[in-house]
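Note that the chains take the letters A, B, C and D in the order they are written out, and that residue 1 is the start of every chain.
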Amino acid sequence: MYSKYLFTLPMQVRDYECDIEGIVNNANYLHYMEHTRHQFILQKGISFAQLHQKGIDMVVARITIAYKTPLCSEDRFVSCLNFRAEGIRYVFEQDIYRESDNKLVAKAQVDVVSIVNGRLGHCPELLEKLNSEMP
Amino acid sequence: MYSKYLFTLPMQVRDYECDIEGIVNNANYLHYMEHTRHQFILQKGISFAQLHQKGIDMVVARITIAYKTPLCSEDRFVSCLNFRAEGIRYVFEQDIYRESDNKLVAKAQVDVVSIVNGRLGHCPELLEKLNSEMP
Amino acid sequence: MYSKYLFTLPMQVRDYECDIEGIVNNANYLHYMEHTRHQFILQKGISFAQLHQKGIDMVVARITIAYKTPLCSEDRFVSCLNFRAEGIRYVFEQDIYRESDNKLVAKAQVDVVSIVNGRLGHCPELLEKLNSEMP
Amino acid sequence: MYSKYLFTLPMQVRDYECDIEGIVNNANYLHYMEHTRHQFILQKGISFAQLHQKGIDMVVARITIAYKTPLCSEDRFVSCLNFRAEGIRYVFEQDIYRESDNKLVAKAQVDVVSIVNGRLGHCPELLEKLNSEMP
């Protein structure tokens, strides 16, 4: 069922990510998704930290996220990603599934833009790598 | 300019909320907004923690957030909120402005639902309090 | 070199754990160490979340941590743990090593106590499981 | 009772800082204390973020923290700080008190060192400012 995604990352809930209600706090799903994007681009040969040192920042411009099933302590999950370029935006479709029953946990679209030396802009080198085949 | 909001909360960036890029990490804006909602409902006489102990959990169902201007170290900001009920959803319009120049930082809609003893449901007592006048 | 530890957990830095300085923020090492303890006790058949539901809370009483080498973006590391009981305290010796060169990253002692129904106390069942052989 | 401290900062628990047990997670006290140190040095005219841009990083070398009384949802607290220089270490004594009853929440010593262009070293300009009178 994960074959429709470009990239998948198995992860596991850490207890400090859960809040008073005993479920993962809503903000932490964005952390999971960011980590997934950064692992995805790393496999494409792009380091988020090195980009920053070169004056290129990938910045989140917009997120739409639907929370379907809450993750709890000890849950394992699979964080999945698809990617496409749309004008100057890098559009990531990011879904998270609970491993035990493949239930959809969260479904998001994350739009990222690149800021080159402080200005919103195209970054052809980045786009080329993102569109390359997985090694 | 904040008079169009039901509730506003002045806050300040903490350095640990900033990431490698030197700006507040995208997930932390959801933390700011959650804290703002909880302070808002607290002023209405509703405690998030006490609700949980009574078996009522307020859970985020959906968020749409546009990031307009990044917050940096030392920035002060105002976290603003409007609220309306729509069926079983509690809809929070949440905007954040940088204090120094009133620039819009982030604009979000956060849909919350209440889970009563494990089931999605209306919670009339909660709605009554949320719609009451500010004390 | 990890054979002197009761339990080891390979982990990896997530970029959101790094702060303005580009290194993992000091508080996040406590997160790594908590996750390691909880994975350790889970292997012993103890669930932190289930303990809480039974009215038993494991609470950190004291931490001494020396930061030796900072972790950076993309670093892999091994989080190691030894355990002993001392009176009512569960004492965890927790060391973190950078995977690339086995350099010591952080060295800590974490003292945990159990709170049973709101009171500091012994929890014989817990101790027995913690002292049992690894399955 | 706070007159024995050089600097005090009133703060309030945010619900996302609490974990499954309903109390503030142990790592978040380090966040509170870091924020307190940074607000303290800011009043002395030192910006943590600007220091980093100049190639000077203040890095935590060692922390000893005793957790005395847990903070819960809605708790207000006062984060207090004393400072002294000891050789190349900046030593911060940091205590947190619950506001409602002045109970000691946590007591810590945090040793910080400065890394100048990648090397551990004295930073006379920094020390002079830290030892100056509060404006």
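As a convention for this text, contacts are C-beta pairs under 8 Å (C-beta built on N, C-alpha and C of every residue); 3 or more make two chains touch, one makes a residue touch a chain.
Here the structure is a predicted model, which is why all the values come from computation and not from measurement.
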{"item": "Remotest chain, chain B as reference, centres from CA atoms", "value": "C"}
{"item": "Contact-richer chain pair [B-C vs C-D]", "value": "C-D"}
{"item": "Between chain A and its twin chain B, rotation from the CA superposition, multiple of 5 degrees", "value": "180"}
{"item": "Cα-centroid distance, chain C relative to chain D, in whole angstrom", "value": "23"}
{"item": "Distance between chain centroids, defined by C-alpha means - chain B, chain C (Å)", "value": "33"}
{"item": "Of all residues in chain C, the ones touching two or more other chains", "value": "15-16, 18, 20, 22, 25, 27, 31, 34, 48-49, 73"}
{"item": "Chain-level touch network, classified as line, ring, star, complete or other", "value": "complete"}
{"item": "Of all residues in chain C, those that touch chain B in their complex", "value": "15-16, 18-20, 22, 25, 27, 73"}
{"item": "Complex contacts: residues of chain D adjacent to chain B", "value": "14-16, 18, 22, 31, 34-35, 38, 42, 47-49, 72-74"}
{"item": "Touching residues (chain side chain D, partner chain C) in the complex", "value": "20-21, 23, 25-28, 30-31, 34, 48-49, 52, 57, 59-67, 70"}
